Amino acid sequence: MIAGIIGATGYAGAELIRLLALHPEVSGFALASVSFEGERIERVYPNLWGKIEAALVKPKEAISRSQVVFAALPHGVGEPYAKSCLDAGIPFIDLSADFRFDDDEETFTAWYGKPYTHKTLRSHSVYGLPELNRSRIKELAATKKVIIGNPGCYPTGASLGAFPALAKGLAGPGTIIVDSASGISGGGREPSRAFHYPECADSLAPYKVGAHRHTPEIARNFQAMAARNTAASGEGPSIIFTPHLAPMNRGILSTIYIPLADSRRPDGVFAGAPRPPTKEVEEKTAEIRRIYEDFYKGEPFVRVLPAGIIAASGRVRQSNFCDLSVHLGDAGTTLVVVSAIDNMVKGAAGQAVQNMNIIFGFDETAGLTAIPALF
Amino acid sequence: MIAGIIGATGYAGAELIRLLALHPEVSGFALASVSFEGERIERVYPNLWGKIEAALVKPKEAISRSQVVFAALPHGVGEPYAKSCLDAGIPFIDLSADFRFDDDEETFTAWYGKPYTHKTLRSHSVYGLPELNRSRIKELAATKKVIIGNPGCYPTGASLGAFPALAKGLAGPGTIIVDSASGISGGGREPSRAFHYPECADSLAPYKVGAHRHTPEIARNFQAMAARNTAASGEGPSIIFTPHLAPMNRGILSTIYIPLADSRRPDGVFAGAPRPPTKEVEEKTAEIRRIYEDFYKGEPFVRVLPAGIIAASGRVRQSNFCDLSVHLGDAGTTLVVVSAIDNMVKGAAGQAVQNMNIIFGFDETAGLTAIPALF
Amino acid sequence: MIAGIIGATGYAGAELIRLLALHPEVSGFALASVSFEGERIERVYPNLWGKIEAALVKPKEAISRSQVVFAALPHGVGEPYAKSCLDAGIPFIDLSADFRFDDDEETFTAWYGKPYTHKTLRSHSVYGLPELNRSRIKELAATKKVIIGNPGCYPTGASLGAFPALAKGLAGPGTIIVDSASGISGGGREPSRAFHYPECADSLAPYKVGAHRHTPEIARNFQAMAARNTAASGEGPSIIFTPHLAPMNRGILSTIYIPLADSRRPDGVFAGAPRPPTKEVEEKTAEIRRIYEDFYKGEPFVRVLPAGIIAASGRVRQSNFCDLSVHLGDAGTTLVVVSAIDNMVKGAAGQAVQNMNIIFGFDETAGLTAIPALF
Amino acid sequence: MIAGIIGATGYAGAELIRLLALHPEVSGFALASVSFEGERIERVYPNLWGKIEAALVKPKEAISRSQVVFAALPHGVGEPYAKSCLDAGIPFIDLSADFRFDDDEETFTAWYGKPYTHKTLRSHSVYGLPELNRSRIKELAATKKVIIGNPGCYPTGASLGAFPALAKGLAGPGTIIVDSASGISGGGREPSRAFHYPECADSLAPYKVGAHRHTPEIARNFQAMAARNTAASGEGPSIIFTPHLAPMNRGILSTIYIPLADSRRPDGVFAGAPRPPTKEVEEKTAEIRRIYEDFYKGEPFVRVLPAGIIAASGRVRQSNFCDLSVHLGDAGTTLVVVSAIDNMVKGAAGQAVQNMNIIFGFDETAGLTAIPALF
């Protein structure tokens, strides 16, 4: 199978090349760049030297040669390529935000500043978080007309961390807080002051506090999963999301605070000085861990860690895993879930390959079997 | 003035040497080590070579030669030295947790695993967070009998970030979440797996989730400041504190989530997909920023940053500053404060020097005038 | 095939697990630890969680269950295991220095402080640098009695960088200087002051200057290759090797200075101020690059980079590649070769797998097809 | 005294502000920017917030208000400002290369691509390496017409490392190799691919091999010092200089290989396998260390480290020190000097302040008393 990549010179594109080169079903590439047509990919990325050597072609040409097309483009420019692929019956996996909001164009426009170009494409598109929408992805794949809105990096880690609590009714009313930090590769390949080594090394810095575009995507996912809990009212949780830039190459670590339904502290009541976790708190934690383990049983890429091991971004490096560890805070009133992914793999290119595997009926882990290195 | 340092070979001790060497009122050192007596400090820390050259003496000898004594020792071993200093009328500034809980021995014992050795010393001790207790520090100093319980690193950043909201009645009922990350120097000088370079570089990892010893110290500080808000009920807020280890040498960045009193979202009501911050939210943010600026007017080490600049740990590096930026989340219902300190300076040695300055009536910034380098 | 690993809990052992888990001919592991028998590997290395789960057994048991045995042990303790494997006809691939010096026990003892335990084993052992000894490895493999002395990390990068110049008579008389820097993982898993994050981050530091154990191994390799150049006298070059510790997880970058035979500057003659490289120098560089390309034609893991691209340690990360770039210094009198490897892969575990592949007649790249990520 | 800084928004400019703000003789600033006139410095560098708040003015205005002027500008644009200052009797300290080559315009032009604008200024300029030219700096200062060509970062560390060997006749004929690595701040403030965090973190990479502009500056310094050794012939050494980019914010570590005059290995003679350093080698090393110590006796910023301590870039961080350690390689035939400086301090702004101190007769360490932090 030939895999086409439009936007191959960006970081997500380069990561797709790295992963697909080892995919047992992929025999070759058609690499395209909107702006660097004619350039050679191994000159742009010398790490590929001797392994992948190819000239970048026009998107149109890449599409014509491919059995599947990935688009790693800026938001708002990929819809015409999606349409071409749809018309040609070629699965289109889009890593931008263009197909993440389904037909909620209003929310997309509010955050991304432009309307949809080809609105009707959404009847063939699905938000490609397999743990949420696997069956819908398969349904669309069966029609031979399928567009994947590959999830954002932060929403992937945050959603997988909160899903069991939402689906199983653990989450009570109140705001869920998602406090996340990303490695600098999340900012993409374009140099800028914010990602200039001396400005970001040896420092931790929040950005776009209360104003990051992944906020509505996270909220939508939380609501979608909460809606599956039939015991719950129709209302989903409200959220606060704060992204940080951490001095590391890869990885997203999210610490997620979920007020529990069954043990809410009455407002304003403070029961004296905090005490270390009690045996009861530990037992309750173990119970919630079991719920998480059950929820993700059979999921190939979600690892619920055992007691005593806390998720860390470095331990999923270069893998498609999402590691989760569960904890309790404030005398057991709040669930604290730690979620770790590699922003470029499960948070981008790896999840895109996972979606390709589902679409074509390949083993879902094909090309994604890498074991994370410890360092 | 001769400054004595007991525990001079640990990181906090080394940082005290670095700062005090430039202090205009300090003419020399008496450096002591409980276990490395006889060793030379410039061999332990070659960065001091040619500037500070001294043999480490016994604590008793150091005390006898000093006009002020700093103790940078493990928790639970410094009380006898405190007593010696108190008896001799020498101010004792303790960087361990031993004097941070005043006469609440129960809380200290619950978290640190041992009782006080000389409980009565607490009638001469004060928790040395100048922004909270400056006048009490001066009172005790006037008696010539003063012990400072120098604050923990995380509690310093968290407390300064939340104080104005608590004192001015902005904080409503509900749990305050403190999500913090520290540079690795916070773990001290002793090598261990957790701080071994390949295990912590290029990774972000929470630790002691729901179980860190700084939790009760933060809670106590929040309550102490909330109690100053006469409009408030006697009850202070409950808290959740999650520490992380970030791949950087220095710095603590805390992101603090404070539910607002005046704009609470009714439980369980979700008003649809989130939208980018409105003009109203920006105005409300500006108003809260003014409250923060007013609160810290005249404070030499707290910088409330203007709109458009977010606090970052790297920008207070090697300085005694606490940088604060204020934001709003979830459509304006929650105050998000970002607080940045250098864990070794305002979070430890710098604050200790600040306390020394207050005790002796020196300019509070003496020895602490360093401007943070950008990198 | 079951792969046995003795010393599975060290970093090289862990890296072997990571690589072999994806090897098409390896179906399972027998993991042994001399000191942590009974421990579970996924507890020691949580990054393996859900992929590799196994209890560590005794070395003897591991050997009895394996078709190939890797030993990642401290120097001087593995010979008995080598003997057991030899007797049982199981290939033994040793990552320590024990079998790197063939029958030159004197040099081994001078640098490693102890004599050989079973000296005669060397009639079945070979220094496992495939680019030097591939045919000898195959010869021994055919006898069913084979012990591999897997090369040191620094010697691998240094040797591959200098080999063409030595074999093709480019190197003139005079000392070859090998200036190298390694990522911190090269120091192994045991915590110590030198590898404690705050002591090595954001700093570059030489160590064991003029006294590193890899010096005789590099010298021996240089001489062995120089001896293949029939035009040369019997004398090989003398060397200076300086290792540095660089603030990164992985990688070795060696800058190698080789005086050229054909263009030696007469001693003490200084021809005035240096000038930027001339066209002649560029042409001579291109010529030498061609010699390097020819020399490594067909080698699966050595990449001679084209003009304009300089080798960098980050671009071979997690791959078995050795990247080389060639340059000229001092008006063309000295060849400067830059060599980059991943110290844990081509510098240790990857090369061990490569040796296994040669022994068993597998494709030499089996299990080693990973493309380096850019970051 | 008012200090003027032209080019205040670059990294060297910012570092000058940081250092001069604590200088006892500097009472204020006149900050200028050629291109960012009108901008506020504390917006460009929020780390200055609350300490330095000023609008950037035109260079002309800054000069008119200052008693000393520093220029931290790109190469080739500062001569007119130098002339203005010279005419006005204001010392001009230039951090570009414009005044580093004295009247050797040919070399300057060969490497920097343009001729001098006002060639005659060189009769009032001096290369500002105090350890080489302190008396000449004082002479010029006495005339009230003085321009300092502040040294390049690499040449500072390399020169200080080689000077004693050159001046005392230790260096024999043959090429001196300077292998250096710099922190990323050396690349300046302008974002680019090379300094984009994901491209340079966790990697070590040489650049401009055999072609870096600091090569002729190093060679010139070596020759100037060698010429002071009356026993030597008129010929100075030839050099090779290789710069690397290391993943750290600050610091330059140079490893310098100097063939010794008294113990040259006859060409092509290889005396068998290397052995660990002998007692004789250690004694010879100690002897050379004493020569280095004597040479730098009284120098306030050069620290010759004792046996057992090797220079490391992290241990001079934020200080004006140059740390040196001396070693021997290849059985004592070659001197290996390790030199560490902070590229932004002794390698740029700190040395500029040192030059200011010499010019005005201040204590040479004024404003430069900072003790390096260990981390």
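Chains: A, B, C and D, in written order; residue numbering restarts at 1 for each.
In this text, a residue touches a chain if its C-beta (ideal position, glycine included) is under 8 Å from a C-beta of that chain, and two chains touch if they have at least 3 such contacts.
Here the structure is a predicted model, which means the values were calculated and not measured.
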Chain whose Cα centroid lies at the greatest distance from that of subunit B: C
Comparison of A-B and A-C by number of C-beta pairs in contact, larger one: A-B
Interchain centroid distance [CA atoms averaged], subunit B/subunit C, Å: 47
Rounded Å distance, subunit A centre to subunit C centre (Cα mean): 37
Sites on subunit D at which at least two other chains make contact: 11, 183, 185, 198, 200-202, 247-250, 314-315, 317, 374-375
Subunit C contact footprint on subunit D (complex, rising order): 104, 106-107, 110-111, 173-175, 177, 179, 181, 183, 198-207, 209-211, 215-216, 219-220, 223, 233, 235-242, 244, 246-251, 253, 255, 257, 259, 265, 267-271, 273-277, 281, 310-315, 317, 325, 327-331, 333-334, 336, 338, 374-375
Touching residues (chain side subunit A, partner subunit D) in the complex: 11, 183-185, 189, 191-193, 195-198, 200-202, 247-249
Touch list for subunit C against partner subunit A, complex: 11, 14-15, 17-18, 21-22, 43, 45-52, 185, 201-202, 249-250, 303, 305, 309, 314-318, 321, 323, 369-375
